[in-house]
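Have a look at the structure below before the remarks.
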Amino acid sequence: QSAKVTDATVAFLMPDQSSTRYEEHDYPGFEAEMKKLCAGCKVIYQNANGDASRQQQQFNSAISQGAKAIVLDPVDSTAAASLVKMAQSQGVKVIAYDRPIPSAAADYYVSFNNEEIGKMIAKSLVDHLKEKNVQAGDGGLLEINGSPTDAAAGLIKKGIHAGLAEGGYPILAEFDTPEWAPPKAQQWASGQITRFGKKIIGVVAANDGTGGAAVAAFKAAGIDPVPPVTGNDATIAGLQLIIAGDQYNTISKPSEIVAAAAANVAIQLLSGETPKADTTLFDTPTQLFTPALVTAENLKAEIIDKTVNGKPIQTPEQLCTDRYAEGCKKLGIGS
Amino acid sequence: MTSDVKQTATLLDRGDVRVSHDAGIGATIRSSIDKVRSGDLGSLPVVVGLVIIWTVFGTLNPTFLSSNNLANLLFDASTVGVISLGIVCVLMVGEIDLSVGSISGFASAMVGMLWVNQGWPVAVAIIAAVLVGGLIGSLYALLFNRLGMPSFVSTLAGLLAVLGMQLYLLGATGSINLPYGSSLVNFGQLLVIPRPLAYLCALLPGVVMLISGYRAAQRRRQANLSSRSIGALVVRVAAITILLEFVVFYLNQDRGIPWMFALFVALAIVMNYALTRTQWGRSMAAVGGNREAARRAGINVRLIYTSAFVLCAMFAALGGVLAAARLASASQQAGTGDVNLNAIAAAVIGGTSLFGGRGSAYSALLGIIVIQSIASGLTMLDLSSALRYMITGAVLAIAVIVDSLARRSRVSHGRA
Amino acid sequence: MTSDVKQTATLLDRGDVRVSHDAGIGATIRSSIDKVRSGDLGSLPVVVGLVIIWTVFGTLNPTFLSSNNLANLLFDASTVGVISLGIVCVLMVGEIDLSVGSISGFASAMVGMLWVNQGWPVAVAIIAAVLVGGLIGSLYALLFNRLGMPSFVSTLAGLLAVLGMQLYLLGATGSINLPYGSSLVNFGQLLVIPRPLAYLCALLPGVVMLISGYRAAQRRRQANLSSRSIGALVVRVAAITILLEFVVFYLNQDRGIPWMFALFVALAIVMNYALTRTQWGRSMAAVGGNREAARRAGINVRLIYTSAFVLCAMFAALGGVLAAARLASASQQAGTGDVNLNAIAAAVIGGTSLFGGRGSAYSALLGIIVIQSIASGLTMLDLSSALRYMITGAVLAIAVIVDSLARRSRVSHGRA
Amino acid sequence: MKGSRQMTDASNQAAPAGEVVLSLKGISKHFGAVSALTDIDLDVHAGEVVALVGDNGAGKSTLVKILAGVHQPSSGEITFGGSKVTLADPSAALSLGIATVFQDLALCENLDVVANIFLGRELSPLKLDETAMEVRAWTLLNELSARIPSVRIPIASLSGGQRQTVAIARSLLLEPKLILLDEPTAALGVAQTAEVLNLIERVRDRGLGVVMISHNMEDVRAVADRIVVLRLGRNNGVFYPDASNQELVTAITGASENAVSRRAGRRQAQQDMRQEGQI
Amino acid sequence: MKGSRQMTDASNQAAPAGEVVLSLKGISKHFGAVSALTDIDLDVHAGEVVALVGDNGAGKSTLVKILAGVHQPSSGEITFGGSKVTLADPSAALSLGIATVFQDLALCENLDVVANIFLGRELSPLKLDETAMEVRAWTLLNELSARIPSVRIPIASLSGGQRQTVAIARSLLLEPKLILLDEPTAALGVAQTAEVLNLIERVRDRGLGVVMISHNMEDVRAVADRIVVLRLGRNNGVFYPDASNQELVTAITGASENAVSRRAGRRQAQQDMRQEGQI
């Protein structure tokens, strides 16, 4: 690490607000790692709030501010090609983060694989149903996808379809939730509950917000117990629902790990080194991390006991507030 | 010869020979038909639009008309409906509030924060959220009254700033779950009016109409004014009562009528009373119709604007709390998306003018039911997002075309 | 004694003794100061707001004022700015178009589809997209003119339906990348005016002003009307030319002035001419100010509304094409988000009234620069989203407060 | 009974000079339950000033609006220049040569005086000739003795009379065949009123038909060739300028015992008493 | 020169009866570059009708609006009921007891007649007493001989005169100390005008101060105790009802050679000629 840069500007551009992870996990993780690797470096953080044009603005602005490497989680994977080209024409390194940029080769790609995530939650649900001996003829699944205008949601959706295809359970209905808005998901789910009633044997929801909305719809319809509902992102709210037994699974992707990797790659690229890659995706050297599927069984292990940067992913205090204390106890969390 | 005015009628308001009048049940029906012909229908056209929507969706998927689904519809309509009531207030005075969505989201975040995370009693948390909403409204009023800042701009700025505050509140934790089984969540998801009580409530409007109608007729007769025939009144009351009792009966087949919807209707009734039967409501209409004339009549115009902005923001906050109760969660997405547009559109579809001076609290009720019916009807059909958007747009247009046609006919009959 | 009118002045328009006039350079300056005092400032307050914003952001991060960043700002401002030009048209006649975002997105999808996927020539694809935009606008006009459907509702329905069409077009493929190196993408991302040409262009406004001002003054003098002093004209022309040349000089330090921005400015100038110096523009203002009076003056009111809606939709479509060029991609979320609000807000911030009859094409130019400056300035600061929203809201409010204060003063000086 | 009396009045008057410009037969107009006009007949000849008088709400303005194409009649027919016409909208009436000054003026408050005068008839539509328009505006306004500080201020800041002058100036721009003036002098000062009356006479002498509405019997008698009375939306007789005030007021109010006569009587009595007291 | 002549006119008149209700000293009002009023002085006594006359744009309405609290004067002071007051807004003027009928009426077109009459002064604010208000509205309107088809239709569908009657009825609701009437009879029919003039006299006899603006010299002379002339925003003399028309018109237009006199002269000449011809 001798020839390493000591002062450079690196930008960290995140796509949206549909979950808090970017500000709670990704950015802090990235920043911490940067501090470690290059104390004199400056980090620019921006979030595009789901708007590709705004992301372009932020990208340009980062270059104006002298950023030499940009970690980009694209709002629109396809459209981001233009950003990559623009950066490379000015000698700026681009590290694709979280979502790939298929039509232009970035300098590097680090990610939890969104398509894989979709596949994991779907498959886990299918396995769970099989385990409980639910027959394909007993009913079918609801599928709640993310925003129809969000490219990442499209990837997850693809994964879910792949995951479900193996299970053999029919999809009763599916829905692209505008803007990932939970109330919309709830309204749709309520309608399906009226339509299909007991025929719903499970719900694949693409994130914890829409999953929680599906749970709320079942509760509101007076259906108890709630059929298994998936989630994604391991938000506190989602984990609490798992603790309470209302939600079946979620995906924990301790983003700090990927963020740290991105920081490492950035420094290496800036120092003129070639970071080593596990594989190549879309002509881009790639490092993929496997996210952890969280259910009630492994929640303690994956969330409380696993540490990132020396801290647990979530502390029992955060999760086990009064109403969830009992559930926590059952899972052996806390005390 | 001056007496030719008096000859035809001795009533104070029947002095003009150019006006044709009618009395008695038969004549009332006749004049109703006339009214329909000339397009003077109030909210009937929107109701017709609604019936068309219901018929079509009901045919495509009969579950749509199941009382269970209608109960869902009523739950969902209540949250944005309450927000829309506030929008009616600002539209009445010819202003707008683009930030109701953000305010509702912020209020839900506040309740989640104060109640769940800080352990405040739920009622106190709700009151605090609604009061903070009112505070935001009074800020808009201040900017409007003191600096003359157009409400479009100030509330657009508010939209962003309040959304920022919502994200800030939820920043550390993300969404906050409201506990299942708590009274607030039960209210938002489960509680319905006990069946006998519901039947009783459905009698109320008729009884009130009958008594007040009878009293008014009596007073008017005493004052030497024309009055509606009692027969026609009874017919109308009977019709309304039968309709309401049928609705209650139908909904009681399954879950029943949500308390949350009852709250919404009660608020709409109160607002309707306030807007039509109090000095404040009269002043609102006057300020919306001709601000300068209202000022010259000695109305405290600034106070009226302030009341409109504050009420709107408070309704928005309350709507946000109800939405959180319905979802059992205070989420970061709450209040974003099309909450603003839906709340405004509901009021406009129901017949409230965007340019002030014309509107009614019931327009929020009707409008939001139209919007929610479209949304709910589409959930019953398996459509791609693209189709769903296109159809929502088309159905929305159709629902309003009926009203527009009726209004045109009204204009050509000189009743605009 | 009737001649006391003629005594003081022989000019046709200087007959009234109650009006104070001034002539010559000194007096012009004096009267300008008077105007500033009484708040009759046109767009000066917004410019002041802008200067404040620039100073603050420039202090916080000097990169903001770098000519490279300003070039970016101009690129970004052009896309929504063009849409905002259309919004000015509909606002002029007192209507609104909520679907400009969707139309722009749809147009970009069409260009992507036709040009990239179907292989049409790029110009034909663009023309097709703009024409389809115009078609959508004429549909709104039809609904408005024939059915009297409020534009708020019809364009809200359009927002959804057109978004559906956009998703439908892109449904099979997702986003479509526009090829790098193609003229359209270069236009949207790279092409700048050659430096000498830019300097030359910056001279143009001054020259035109000088010639037309001189001619007008001459004609007015011949017609026995008061005319502005030539001295004052020269001073003004000199000031403007120096300012423009400086701007060009500063921007030429780095990349230069984008052709796309030049296109936007050219469109704004054309629209300004059309709105202020043609019969059509006069009719637009008349219809927006008093529709019935315009009708009675024999203006074809329906045609005017149609032209407004169609122009607005066509500008929206063109804006969408530019946005696609800028992004080098036709994406599914193009035109969603805050494009609508930004386009409308730009016009309103620039001083176009939401209630019709008052507005100017330059308001779109000024307003969008304010909005983009805020956005661009904030990208220079590392802020959490929550803070970013709050600050955007606050800065927006501040930018407009200056204008509101000026307008208030104008009212109290009887110039509203 | 009423009609016959006036017929005899009419018979000893010379028939109006020119040919019939405008002829209404059985015009009715209903606004919902209100019948504003019932079976109105009216002829206007070239070179004739017809005064339309009547009580408030008698339907005068409604009639003018029908002729101007603003309202459509519920029934009845309109003949203009010899052929049956339908006036579907104001531009139809304008293009036939019917110029109107409306009671509610119908000006655009946001536009300046010049723009209002030339609205819909701007000089050189693609490159407005502001100088020529301004000159013409001043000429017209000065003809009407208007006291307008500037023609470049919005109508909103003009006084009532100034606005009315602008509206009248508007109607002079065209070369119409028929001019409809709905209470053109209501807000005008004495000098401006005199100019407008002069103007009406000049216009008549040029062979145009003029319909004037006014509540001022003196003005009416000063310029009218024929006085048509409306009452409660119906024709209530035709008079000639030599009819007495008493006659006209009786036809307008529908009673010889009316507020005007009562007031006149009372004032007479007061004056008598005062004089007695003084003596 | 003008002033002195009128002073002598004034001296042989009895001083007005009651004490001074309203007194203006040096009131000026500028709208941007336009000076609408310059140094206006005016006194109004209880039980006195002061007529304010002047050419179009003379500043009459501006003065009334200042008294009604609509505009703020640029300089000058207002004394009402003996004490100096500032009329910051219309409600201040209303609560002092100044009722105003504005030239532009200031009615809410979207509200019905009853609502407009009672605007800001509704009976039982928390449960509007519609019946009582409707009865009172009819009473007021009948007093003014209004011909309004229904008091439950929006103002937008009333005729010009009907609207003006509504505006006048509004001002009668209060128990004011001073009534300002800005061209109250401009749009009224003959009967309604007579009623309004009666009303003004009744009001005066009850000891109220009345300021009336009118362009109709006959009406002015019929009810006014004193006639104040404004010209181009300045005081231009005080007259008494026995002043001749000629005198008044000269003061108003600022020239004895004016449109009115010219017209009168021309008509006289025409008549002479016609008579000659007939003979």
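A, B, C, D and E label the chains in the order they appear, each numbered from 1.
By our rule, a contact is a pair of C-beta atoms (placed from the backbone, for glycine too) under 8 Å apart; a residue touches a chain by one contact, two chains touch by 3 or more.
Just so it is clear, the model here is predicted, and its values are computed rather than measured.
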{"item": "Chains touching both subunit B and subunit E", "value": "C, D"}
{"item": "Distance from the mean Cα position of subunit E to that of subunit A, given in whole angstrom", "value": "76"}
{"item": "Where subunit D and subunit E are represented by their mean Cα positions, the distance between them in whole Å", "value": "24"}
{"item": "Centroid spacing, where centroids are CA-atom means, of subunit A and subunit C in whole angstrom", "value": "40"}
{"item": "Residue numbers of subunit B (touch at least two other chains)", "value": "16, 18-19, 167, 171, 384-386, 414"}
{"item": "Contacts with 2+ other chains: residues of subunit D", "value": "31, 34, 147-150, 157, 232, 253, 258"}
{"item": "For subunit A, residues that touch 2 or more chains besides their own", "value": "17, 23, 148"}
{"item": "Chain-to-chain touches, reported pairwise for every pair that qualifies", "value": "A-B, A-C, B-C, B-D, B-E, C-D, C-E, D-E"}
{"item": "Subunit E to subunit C touching residues, read off their complex", "value": "30-36, 38, 72, 232-233, 253-258"}
{"item": "Of all residues in subunit A, those that touch subunit C in their complex", "value": "17, 23, 43-47, 49-54, 56-58, 60-62, 64-66, 75-79, 81-82, 85-86, 103, 148-151, 154"}
{"item": "Subunit D residues touching subunit E - in the complex, by the definition given at the top", "value": "31, 34, 54-58, 61-62, 103-104, 145-150, 157-162, 165, 183, 186-195, 197-198, 215-218, 222, 232, 249, 252-253, 258-260, 262-263, 267"}
{"item": "Residues of subunit E defined as touching subunit B within the complex", "value": "68, 70, 89-91, 94-95, 100, 102, 106-111, 115, 119-122, 125-128, 130-132, 134-135, 138, 147-152, 156-157, 170"}
{"item": "Residues of subunit C defined as touching subunit B within the complex", "value": "98, 143, 147-150, 152-154, 156-168, 171, 341, 344-345, 348-349, 354-355, 384-394, 396-397, 400-401, 404-405, 407-408, 411"}
